[in-house]
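Below you'll find the structure, written out as C-alpha cells, and then a few comments.
Per-chain residue numbering starts at 1, and chain names A, B, C, D, E and F are given in the order in which the chains are listed.
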Amino acid sequence: MQHLPVLPVLVPLVFGALLLLLERTHRAKVLRIWAWIGMVSLLVVSVMLLMQVHREDLLVYLLGDWPARLGITLMVDRLSALMVLTTALLAVPCLMYACAGWDKRALHFHALFQMQLAGLNGAFLTGDLFNLFVFFEVMLIASYGLLLSGARGARVKAGMHYVVFNIAASVVFLLALGLLYGMLGTLNMTEMAARIAIAPPERTVLIHAGAGLLLLVFCAKAALLPLYLWLPEAYARAPAAVAALFTVMTKVGLYAILRVYTLMFGEAAGPLANIAWDWLLPTGAATVVLAALGVIGAPRMRIGVAYLVLLSAGTLFVAFSLGNAAAISAGLYYLPHSVFVSAALFLLADVIGRHRGGNGDYLVEIAPMTRKTLPAALFLIAAVSIAGLPPLSGFIGKLRLLEAVPDAQTGWVWAVILGSSLMVIIGLSRTGTRLFWRVDATPSDVPAPALRRAEVTAVLVLLGYGIAMTVFANPILRYTDAAAAQLLDVPGYIDTLRETAPQIREPSP
Amino acid sequence: MELAIATAIGVLAASGIYLLLRARTFDVILGLTLLSYATNLLIFASGRPVVGKPPVLRDGVAHTLANYSDPLPQALVLTAIVIAFAMTAVTVVIAMREHADLHTDHVDGEEPDNEKRRGGA
Amino acid sequence: MLELLLALPFVLALAVALSANASRRTSAWLAGLVPLLGIAVLGLLAGDVFDGSILKTQYAWVPEAGLDFTLRMDGLAWTFALLVLGIGGLVVLYGHYYLSAKDSPRRFFTYLLLFMGAMLGMVVAGNLLLLAVFWELTSISSFLLIGFWSHRQDARQGARMALTITGMGGLALLGGILLIGRILGDAGLESVYDLDTVLANGALIRDSALYPWALGLVLLGIFTKSAQFPFHFWLPHAMAAPTPVSAYLHSATMVKAGVFLLARLHPALAGTDLFFYVVSGIGATTLLVGAWFAIFQHDLKGLLAYSTISHLGLITLLFGLSTEMAVVAGLFHILNHATFKASLFMAAGIIDHECGTRDMRRLGNLRRYMPMTSVLAIVASLAMAGIPMLNGFLSKEMFFAEALEIGGHATMRLVISIAALLAGIFGIAYSLRFVHDTFFGNGPRALDVVPHEPPRWMRIPVGVLAALCIVVGVLPALTIGPLLDTMVRGTLGTAAPEFSLSVWHGINLPLMMSVASLVFGIALYFGLRRLLDFHAVVTRSIGRNVFHLNVEALFGLARRFTARVANGSLQRSLFLMILIGLLLAGVPMFGQTLPLLVGLGTPQPLPVIGWVLWALLVAATLGTVIVHGKRLTALIVIGAVGLVVSMIFVYLSAPDLALTQLLVEMVTIALMMMALNYLPKQSKASRRPLRKLRDIGIATLAGGGLAVLAYAMMMSPADTISSELLVRALPEAYGRNVVNVTLVDFRGFDTFGEIAVFGIAALVVHALLRWARLKPDEVMPGPPVQLPIAADLTQLLFPLALTVSIYLFLRGHNAPGGGFIAGLVFAVPVLVKYVLQGARAVEATFGFDYLRGIAIGLLLAVIGGVGSWWFGLPFMTSGHLDLELPLIGMLPLASALVFDTGVYVVVFAGTLLMLSTMGTVRHRQAREEAT
Amino acid sequence: MIDIAIVAGMHLVGLSMLFALWRLLRGPTAPDRILALDTLYISAIAQLILFGMLLDTEIYFEAALIIAMLGFVGTVVLSKYVIRRDIVE
Amino acid sequence: MKRRMLPSIPQSLTVFAFWLLMAEDVSASNVLMALLLAWLMPLMAARLEREFARLGRLRGGLRLIGRLLVDIVIANVTVAKQVLGPESRLKSQFVWIPLDLTNIHGISALTSVITLTPGTVSAELSEDRKHLLVHCLSTDDPQALVEDVKARYEAPLREIFP
Amino acid sequence: MSTLFELAIIFLLVAGCFFTLLGGVAMVKLSDFFRRVHGPAKASTLGVGCILVASIVYHWINGSGVHPREILITVFLFLTAPISAHLMSRAALSLMDERPPHPERTPDADAEVVDREDPAPREGG
C-alpha cells in the first residue's frame, strides 16, 4: 500500500479514460457498471487512505522518487484524507442520481465525472503549489464539462460567467505563483513555508503581495464576499447531480486557504504570520449575512440552496479565521456536513421541480405538488440540518464552532452565526411551506410521475451521511481535532518532509 | 532589460484587463489571451531571464545556473500555455453556444437595454 | 427506564408514520400507547422520585462539545412528564374524534408524538445542551402541528410565525447556555453543561461579568416560547391549528416549556435584582396585556389564547418574584392552568365542531343544545376565573399573597399588587364573557347546523380535566399536595418550604382582592358589553402587524438586494476581482513601492534589437486593444502579439516555450476563426464612456502594479532549487533538455494534469457542439470553394511534417521538442488538410477516432508512470534502458518516453477533436430558426 | 566582424518587422493585414537564424523550422475565412 | 500491392533525406530510422490523400530547379529596383495564362514556380483549370510574360507531370 | 581561407537582410495589396535563403563539419510560401468589386486586365 496516496487521482483518471473508450462502443448500461466499479474502487481507496493517515499521521509520497523540494510531492495529512473521503462519499449519491437518466442526456458524462473526481483529489493531495494549480484546472475544466454538457440557453449563460470568472482567477493564481517562485525559489509548499520563515525583511513585501493574490484566487473559488456573484446562477442552473457534486467545489478554495495560510503563512512565518485571517474573519461573517439574505430572497429553491452553499462557505471562513484548533476542528466537521446536506437539497430541488407540473422549483407559482410526503419529509430533515437546528449534524458543527470562538470575538461572531441560522429558518420555512403546503387540499387529477427510486435513494444516502455524522459525532470530532492540531504544527510538516528520503536517489544536500 | 520585460508585462496586463472588462464575449476572450501572455511572461521572469543560455545541457560546460537559465519557470510556463489554450477553446465554444442560444454576444447573455426580467418567475 | 420513557414517543411516531395502510383507529391506538405506557413508566419511577432522589442516566454523545445524552429526573421533571403524557393522552383521545375524514390521522399523530417526545426530552434532559436540542425540536414539531391544515393561509402563516419567534428564542437560548458553560468552564469546572453542575454553581454564574448576557439570552428563549410580551403575538395566530393541537400546545406543553425552564434554572439564575426586575416586569406586563386583550376577542380560541398569554405572564411574574413561596405558587399555577385551559380548548373545539363557528357573536344559549359540555366548560371557566372551590382560585390566592409580600421593593410591591388586582378583574371579565356569550343569552345565530352534544369519547377528556379542577380545588392538600411538594423540591433543590394548601385561609387581604376582582370583573364585563364590537376594530394585534411588516420587508429587501447585487453581471464580477486583487497585492506594497525599487542590483543591459522586440510587442498589444471591436482585425493583430512573445522567449533562452507558443498560437487562431463565423463580426459600441474610463483607470493601475512587482522580483537575487535540477537532469533523468526533463520527470505530475486538462477541454468542446445547431453569422453563396492548388501543395508537407514531429518527439529529451510540441506539429498539418479539403473528405480517409485517441493517450501516460511500481518505486520514477542492438548500436531509452507518448497522443487527438468538432458544426436551417 | 554584420542584420530584419507591423495595424483590408502577418513570420525566421549565428548555437533551429513549415497556417486559415467565412467546409 | 506498401516513392525518398538531414549524423541507427520512416510516413499520408503525384521523366526536373534558382536571384534584383524606385513607374496588371498542363500536380508546381519568382504571383486558377491568373508587379508586355512562363517553366513541368 | 569565408558570409548576410528588409519596405511603400503581396516572396526566397546559406557556412567553419539542416527550412519555405501567396490573393480577389474578367467570357481570350488603384474594397463589417 505504498502507492495509496496517488491512487485517489489515478483510479478516477483511469476509469475516466476507460469510460471514454467504452462510450464509443457500449450502451449506457455497460458504462454505468464501469462507472460504479470506478466509484467503488475510489471509495475503498479513500477509506484506506484515511485509515492509513490516522495510523501514520502524515504520508509523504515522492513522485518520481525525487527529493521533496525537487519534484512534486504528495502530502497526505488528516485534512487531505478527510477531503478525499468527503468527495468520494459525495460522489456516490451524485452518480446514483445521474444514473437515473441524466447520464444519457449529457455527452461524456461518465468520463467527465471521473475526471472531476481526479481533479478534486489531486488538489487535496498535492503538496506542491503549482501542482495545486494544475489540479484546480483539471477540476475546473471537468466541471465546465459537467455543467455544460447537454446545456442550453440559461445554463450556457451561467456557464459563461462561471468559466470566465474562474479563468480570470486562474490567471491571478499564475501571477501569484510567479511572484512566489521568484522570491522563494521552490514550489513545494512545505519548503516554501520553511523559506518564508527565514525570509529577510526586504523580500517580504513581494512575498506578501504574492500571498495576497493567492488569497484572492482561493477566495474567488470559495465564493467569499464580494467574489461570490458567479455562484448562485451557476449552481442553480447546473444539472442536479452536477450541482450536488459542485457543493464540494467551493470547499476546495477553503481547503487551499486552510492549507496555504496555516502551513506557509502560519504562526512560524515571521512578519508574514497569519496575514490572511484578519481579512477573512470580517468578510467571512459578511458573506454569511449576505448569503442568509440570499436564502430569504431566493425566487427558486435551487437559488436558495446555492446561497446556502455560500453561507456554509462563509461559516467556514469564520471558523478557519478564528485560528484556534477548536474552531478549525469545528469547521472541518461542519465542512462535510454542509457538503452533504446542500447536495441533498440540490437533488431534492430537482425531484420537487419535476413534480410540480412544469413550475419547477419557482416559489412564486402555486403548483400542485404530487407525491409530496417523502420529498417533504426529506426536505424537512435537510432544512433542519442545514439551518443548524438540533439534533442533526449542522447543529453539532455550529455548536462546536460557537464554543470555540475566543472571548474577544464572541459577541459579534455569535450574533452572525445565530442570526444567520434564524434567517435560514425564516427562508427555508417559507420555501417549504410554499412548495409543499400552499396547494389545494384536494389532489389534482393529473397522474403524478412516479418518484424514481435511484433519485430518492441518492437523497436518502446524503441525508444518511448527515445522520451518521450526528450519531458518530464524537469519533469524527476526535479526528478533526487531530487534523486541526496537525495543521497548526508547521514544524511537524517541515521535519517530516525533509526527513523523507527518496528510495534510490540521493537526498537533496 | 528587466525594465523592458516589466513594462511589457504591465502593458499586456493592462490591455488584457481592459478587454476583460468589456461586455462582449469575443473581447473578453481576447483579453484573456493577452492576460495569459502577461502571466506567462511574469512566471518566466521569475527565473531571472538571460540572453543566450537555454537550459539544454552541453558537455564541457558546468551544469550550473551561471551557464544555463532556470528551467523550472519555463516548464511552468509551458504548462500554463497549454492550460490557457484549453481554457480558451472552451470559452470560445461557450461564446458560440451563447450566441446561438440567446441571440446575443453580451457576456451576460442579454442585451443591457432590453432587459427582459423573468417577471415574478 | 428514562431511555425507555423517552424512546416511546419517537419509536411510535415512526411506527405511525410508516403504517401506511393502518386505519384511523390503529393510528390512534398506536399514538395512545405512548401516554399509557409512559404514565406506567412514570408510575414505576414515582417511588424514587417522591422520595426525593434524582434519577440519572448518561451516555456520551459529543463529549468534545460537552453535549452528552444525559437524562435526569427529579420531581419537577416527573410532574412535567406526567402533565405532558396525561394531557397528551386526553388529546389523543379527543383528537381521534375531532379529526375529519379529510385529515390524515397518520400525519397528525406522527407530528403529535414527535412533539410529545420533544417535550418529554426537554423535561428529562440532564444536560443543558441536550435540553436545547429538545427545545428546538418542540419548535419544529409544533411548526408542523400548527400548519397541519396546510392548505389554509392562516395556518401556514401562523406556523411560520411561531417557528420564527420560537426559533429565534431557541437560538438565543443556545447562546445563553453556551455562555453559562463558558462561565463555568472559565471557573475550571468540568462537564459545564451538566444540569447538576449548573444548578450547584448558581452563585458562580450570578457573579460572573457575563451573567447579564447569559441571563438575557436565556430569558429571550423563555419569553418567546412562553409568549411573553412583546413576543406574545405568535400565540393567537397559532390558533389556526386544529383544536387538539391548541389544547395540547397552549395549555400544558409548548408554552409551558418556557416557564419550565424558568423553574428549572431558577436556582442558577434567580436571586439577582436584574432577574427580579426583568422577569417580574415582563411577567406583569404580559399578565395585564394578555388579560386585557382577551376580553375583546370574539373567537373562542382567540380569547383562550390571550388568556393563556396572561396566565403565562402570571407564572413568569411569580418566578420573577423569586421567593420560595412564589415559586411554589408558580408551579402550582402551571398545573392548574394546564388542566382548566386544556379542557377549555377542547370545549371550544367541541363547540366549533358542532356549531361550525367559534365566533361568540354568533354563539349563545348553547346550554340548551349541549348541556353536558356546557357544564364542563363552565366549571373550567370558573377555574380560570379563580372562583373558590376550583383549583384556579388556590394558586391565584397564593399569587395575591405573594404580590402583597414582595420584600424590599415598596414601589414594586404596589405596582405588582395593583397589576394583580387588575389582572384578576380582567380575568373575571373574560371568563364571564366566555361563559355568558357562549352558553347563556340569546342565540345561536345563523348556524348551518343544529348543535348537539359531541360523541361521548370526545367529551370524556373535558370531563376528566374539569373533574380535576374541582377535586384539586376542593381537596388540594390531599390530591395535589404531594405532587406539588416533590415538584417544588425538584425545582429548588432543597426541602420544599412549608406551604399550606387549604381552601380557606380566613379573611385576609388576598381574599379581599379576590372578592374585589370578582365584583369589578362582573361590572367590567357588563359595562363593556356594548363596546365590544367597537373594540374589535381597535384591538387588532399590533405585534402581528409589526411582525408581518418586518418579515415582508425582510423578504422584499432580501429579494431586491440579492437581485441587484448578484445580478449575473460578469463585468461586475470581474471588476470586483481586479479591485480586490489590487487591494490584496497593493496593501503590502503601500508606501513601500519606492523602497521596493531602489537599492536593487544592476539591471542587465538591453541592446537595441531587444527594444525593437519590445516596441513590436507593445505596439501590437495596444493595437489589439484599439481595434478590438473589429474582430477579424483584432485576431490578426493578436496573432502578431503571439509571434512576438515567442520571439521574446527565443531571445531569452527558452526555445521550448517559443515552439509551444508558436504552435498553440496557430491552433488558437484557427479555433477563433472558426468561432468567429458564429459570432457577430463587430462589437456593438458601448454607450458608457464613464465605464470605459473607469476600466482604463483600473487596468492601468493593475498593469502598473504588476510591472512594479515584476521589476522588483527580477531585480532581487534568485534563490532557487533549479541548480539541482541542472545537476541531476543528465545523470539521473537521462536528458539534456532540462525543460523537457522537468516536464516529463521532475514535474511529470504537472504534465499529467495538464494533458488531462487538454483532453477534457476537447471533450467539453465536443460535448457542447456535437448536438448543437448553430446559425452562421454570414453564409457565402455557392458550393464549397475548391482550392486544388493549395491542397495539392500540402501533399508533400504532411509526411514531412510528420517526420519532423517524430524527430521533435524523439529528440525532445535532449533538444527543444517533446511530446506536446510534436503532437501539435502532427496536428497542425491535419488542420490544414481540413481547411483545404473539407472535413468530409479528410474524415472519410483519415479515419482516426480522436475521442479514443484521448483515452488511449491518457492511459498510456498512466502506464508510463505506473511502470515503476514493478520495481517498488513511486509513480513516475524514470528508468533508463540502454538497448544494445546489432546494427544500430546503443539505443538509449528513457521510460519517460512512454509517458511522453501519452502526451503526444492526447495532444494530437485533443487538438483535432476540437478543430474537427468546431469545423463540422451543423448549421441551423432557416426553418428551424423560425420556430 | 561577422558578429557586427549579424547584429546589423538583426536590426535590419527588426526594422522590416516594424514595417510589417505598421501595415498590420494600418490595413486597410483584411488581406493586407494577413500579408503583413505572413511577412512578420518570415522575418521572424530570419531573425532566429541570425540569432543562432550570433550565439553560435543550433538550439533555435527547431523554432525556425516550425515557423517555416507551419507559419503559413495562420495565413491559410485567415484567408479561407475571408474567402468563405466557413473555414472547414 | 506495391501501391499499398509503398504508395509514393518520391515521398519516401524525401522523407529519407529529410531524416538524415535533421538527425545530423549518418549513423546506422539513423539510417534505419530513416528507412523506417520512409516506409511509414507515406503510408500515413496515404490516409489523407486520394492520389499521389506520379512522376514522369525527372531529367528535366533538375534543370528546372537550377533555372528557377537563377531566375529567383535575377528577378529579386529587378524587383528590388522596382520597389525602391518611384511607384508611379510600376505597371502592375493581372494576366491570364492559358495552361497546357492538365495534371493538377503540374499546375501546382507551375503556380509555385511563378509565385517564387519575384515579380509575379499566381492568384487564381480558373474553375475549368485551363487558365491561371497571375499578377505582375510591373510588365510592359504581358504577352511576352505569358510566353516566357510557358516556355521556361510549363514545358519542363509537362514532362515531369505527364 | 577563413577571411574569404567571412567575406562570403558577410556578403550573404548583407544580401539576405537587404532582401528581407525589402519585403518590409514593400509593405509600407507600395499602395495596393497586389503590389505588396510581392514583398514576402522576396523575403522568403532570396532574403531568408541567403541568411540560411550564411548560417550553414558559419556553423561549418565555426563548428564541427557540415550540418546543412538549414536546407530544410528553405524547402519548407519554398513549399509553403506559394500556398500563402495563392490563398491571400484569392482572399483579396474575393473582396474585389471588379474581378479580372475571366478569359472565356471576354471576346479577347488572352487579353490582360490592368488593375485599378486600390481595387480591394475596405474591409467591411
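By our rule, contacts are C-beta pairs under 8 Å (C-beta built on N, C-alpha and C of every residue); 3 or more make two chains touch, one makes a residue touch a chain.
Note that this is a predicted model, so its numbers are computed, not measured.
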Chain-touch separation of chain B and chain F, in steps, is 2
Every chain in contact with both chain C and chain E is listed here as F
When E-F and C-F are ranked by contacting C-beta pairs, first comes E-F
Relative to chain D, the most remote chain by C-alpha centroid is chain C
Chain centres from averaged Cα atoms put chain A and chain D apart, in whole Å, by 48
Rounded to the nearest Å, the gap between Cα centres of chain C and chain D is 61
Dist(centroid_CA(chain D), centroid_CA(chain E)) in Å evaluates to 22
Note: chain C residues in touch with at least two other chains are 568-570, 574, 632-633, 651, 655, 676, 706, 713-714, 718, 720-722, 725, 746-747, 750, 754, 757, 760-761, 764, 768, 787, 789-790, 793, 796-797, 800, 804, 815-816, 918
Multi-partner residues in chain B (2 or more other chains touched) are 20, 25, 28, 40, 42, 44-48, 52, 54, 56, 72, 76, 79, 83, 86-87, 90, 94-95, 97, 107-109
Where chain A touches two or more other chains at once, the residues are 130, 134, 137, 141, 144, 148, 151, 157, 160-161, 164, 168, 175, 178-179, 181-182, 299
Chains touch one another in the pairs A-B, A-C, B-C, B-D, C-D, C-E, C-F, D-F, E-F
Note: in the complex, chain C contacts chain B through residues 568-571, 574-575, 578, 603-606, 610-611, 614, 617-618, 621-622, 624-625, 628-629, 631, 634, 638, 641-642, 645, 648-649, 651-657, 660-661, 664, 667-668, 671-672, 675-676, 678-680, 683-684, 686, 695-696, 698-700, 702-704, 706-708, 710-711, 713-715, 718, 720-723, 725-727, 729-730, 736-739, 741-743, 746-747, 750-751, 754, 757-758, 760-762, 764-765, 768-769, 772-775, 814-816, 820, 914, 918, 921, 924
Listed in rising order, chain E residues that touch chain C in their complex are 11, 14-15, 18-19, 22-23, 27-29, 32, 37, 41-42, 44-45, 47-50, 52-53, 104-105, 107-108, 111-112, 122, 125, 127, 129
Per the touch rule above, chain D residues touching chain F in the complex are 1-2, 5-6, 8-9, 12-13, 15-20, 22-23, 27-32, 34-36, 38-39, 42-43, 45-46, 49-50, 52-53, 56, 58, 61, 64-65, 68-69, 71-72, 75-76, 78-80, 82-83
Within their complex, chain A touches chain B through residues 130, 134, 137, 141, 144, 148, 151-154, 156-157, 159-161, 163-164, 167-168, 170-171, 174-175, 177-179, 181-182, 187, 299, 362, 364-365
Within their complex, chain B touches chain A through residues 20, 25, 28, 32, 35-36, 39-40, 42-48, 72-73, 76, 79-80, 83, 86-87, 90-91, 94-95, 97-98, 101-102, 107-110, 120-121
